[in-house]
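There are two complexes below, and they share chain A, which is joined by chain B in the first and by chain C in the second.
Let's look at the complex of A and B:
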């Protein structure tokens, strides 16, 4: 019985020790043509914000770049991003997956 | 002889070309017909503290108070006519009293009407900031909105809403009941009564409807029967953008002054333009920059009872106050 307990404790310890780190939030950079007024920027934010798993959106109106941070474990499908951008009245020029954000980095809700 | 003929032909061609250019200029580029405006003061900077803004997008004046949509901060800020902060209300969110990207504003009979771009509704507040009612919801059906950009209220209490992504203007009863619409839902167009991302609406004293047809670079006018009666903005008002007098590069907000003149925020031209109600160009003021009297994209305007103009300087996160130069 003691032996079984020792094996169980060891197995649990090994499982915990070998468990992969919790996935850090994925971030993506979208390049959108013609994005330059708040009506446009808010439209992009609104449409992308309704995509499942999107946690934060930062729009740089001047450069036409949109940074999308996903909730932990979620990924952004390029087709979904393209659809949202199209619904906002724009074309998705480039879709990049950036390095994962460091764990603990602030990721507020999509504003 | 041949050389003479060629010279004559060339001279005639130059004359004809000059006549065309001058005629075109006279036809499509009106000159100022009223005295201009002088910059008085400005207030605001980027931030979230009282008196600071993060994307100001709309403005309205009631008596001695100026109401400003502080969009990304999800609130309305109230100032006196000299820009001194008085109070604020709202926070980002969807609940009553909260705001999702407030845009152009309207004040009617002591109530503030806020077009909420994210929440797809019109929220009505008392002027001291109490949420009184919500009108509309997300969608493309009658009485529903897809990113409302501006609102106006008729003398009988009916609402007129610029439904940005649906490319239409809706008229609703004060309780939100659908009355009628202009434009085909979700379809853009250059003809009279069709729109390309309309951003704002205004009503004159006779309840004639004026529409800031945002990305069609024009203003359209409809009578109380709903019939299109006028439009202007560039040659033939068919959507051609430009920097000349009476032309627009995206019109994002309109407001009437006490004399019945219409002020239009000409976003990418960084200026305000002033017109008679019939579309006659009167004057313009502003210019690109960060200094006094310069704009980093003019997005909205409101006019006080004494004719003082308040303009929202979107990119510089401030409000500017202007006064007409006396002749």
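Let's look at the complex of A and C:
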């Protein structure tokens, strides 16, 4: 009985210890040229928001930076980002992949 | 009289033609994103009087200009503009004053715009976009009252197929925007009447009044607006002859305000004619009050 109990405890410990880490969402920073008024920012949110896997978008108009947070396990392809920015009427100057956002990080929802 | 109505309405129509823009009285080259829509509703009230003749003509036009724009691609957009007018003219005939009026849907204008040049940099953009359009005679052009057929300026529609074209330049930064547009509208004959062609040069400055410094995110902007419209109309032709009391050149100055958010814009301005060099006894414009909103979707 004692041995069975030891095996159960070990199994539970191994299960907890070896549980795969939940992948944190990937976040990307897009530097967008031409973004200079609030009315135009709507298009970039709409276009990037329609890219598969995009979960949240934060536009900072002063710096021309757009932070894109992906759903768990999803990644953003630079070509897809460039296409979305172009369709919104702007130019993608720089594409950066940031460190994975911590779980529960707050950001604006994809629109 | 005809020239002023024509001038003001032409300005209003062209302003609606590129409805995504920031200017109040004319349009610029800000983008309608691919697959996106812009709806603009513009309400205006125009007073045209200052008649030098004993008739003491006094014309008032109120209306709503509905504009729907669609981004076919990121560079090419289509626009449809449909006005709804309520026109009234009071004329003194000796001891008797008469009033003639008509309300109705005006002529539909369809317009395409192609962004031929675009330079984007951090926080600013420069765009040049030619546009070309056609005005279809969808409005009633043979309206009558108890005194017979209404004069052309009081008719909701012109009855003619007209073409218009031009180019618009936009330079926009986070602090201000400058737009400039040159346009030409060639009018054709209908019902024995041909309105004179209209050429215009328009410029607009929008300056961000608030917030003074930009924080994070996408704050709403309050713009102070100052616009100028130089409009030249050729003489009308009626019955095969030029009308000596039509045509001329007017310079409008328009102060205004705009409140701009991501999804909508509200705006208002008053077009004031600061110089009017009109032919003969053409009526002079007193002012045009314009207010409206735009929605992105």
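As a convention for this text, the second predicted complex is superposed on the first by the 89 of 111 C-alpha atoms of A that agree within 3 Å, B and C clash if a C-alpha of one lies under 4 Å from a C-alpha of the other, contacts with A are read in each partner's own complex, and residues count from 1 in each chain.
Keep this in mind: a residue touches a chain if its C-beta (ideal position, glycine included) is under 8 Å from a C-beta of that chain, and two chains touch if they have at least 3 such contacts.
Source: prediction; values computed, not measured.
Bringing the complexes onto one copy of chain A puts chain B in a clash with chain C.
In the superposition on chain A, A:31 makes contact with chain C only, not with chain B. When both complexes are overlaid on chain A, the residue A:89 reaches chain B and chain C alike.
Between chain B and chain C, C touches the greater number of residues of chain A. Contacts of A:46 after superposition: both chain B and chain C are touched.
Only one of the stretches 91-99, 145-153, 235-243 or 253-261 in chain C has C-alpha atoms clashing with chain B after the fit on chain A, and that stretch is 253-261. Applying the stated touch rule to the two superposed structures, the overlap between the chain B and chain C interfaces on chain A comprises residues 36-39, 42-43, 46, 89. Residue ranges of chain A in contact with chain B, taken from their complex: 36-39, 42-43, 46, 89, 111. Across the interface of their complex, chain C is touched by residues 31, 33-47, 58-64, 86-91, 93 of chain A.
Residues 55, 57, 71-72, 92, 101, 103, 117-118, 147, 149, 164-165, 197, 199, 214, 250, 252, 267-268, 297, 299, 314 of chain B are the ones that touch chain A when the two sit in their complex.
The residues of chain C lying in touch with chain A in their complex are 20, 22, 30-36, 71, 73-74, 118, 120-125, 172-174, 177, 214-221, 260-263, 265, 294, 296.
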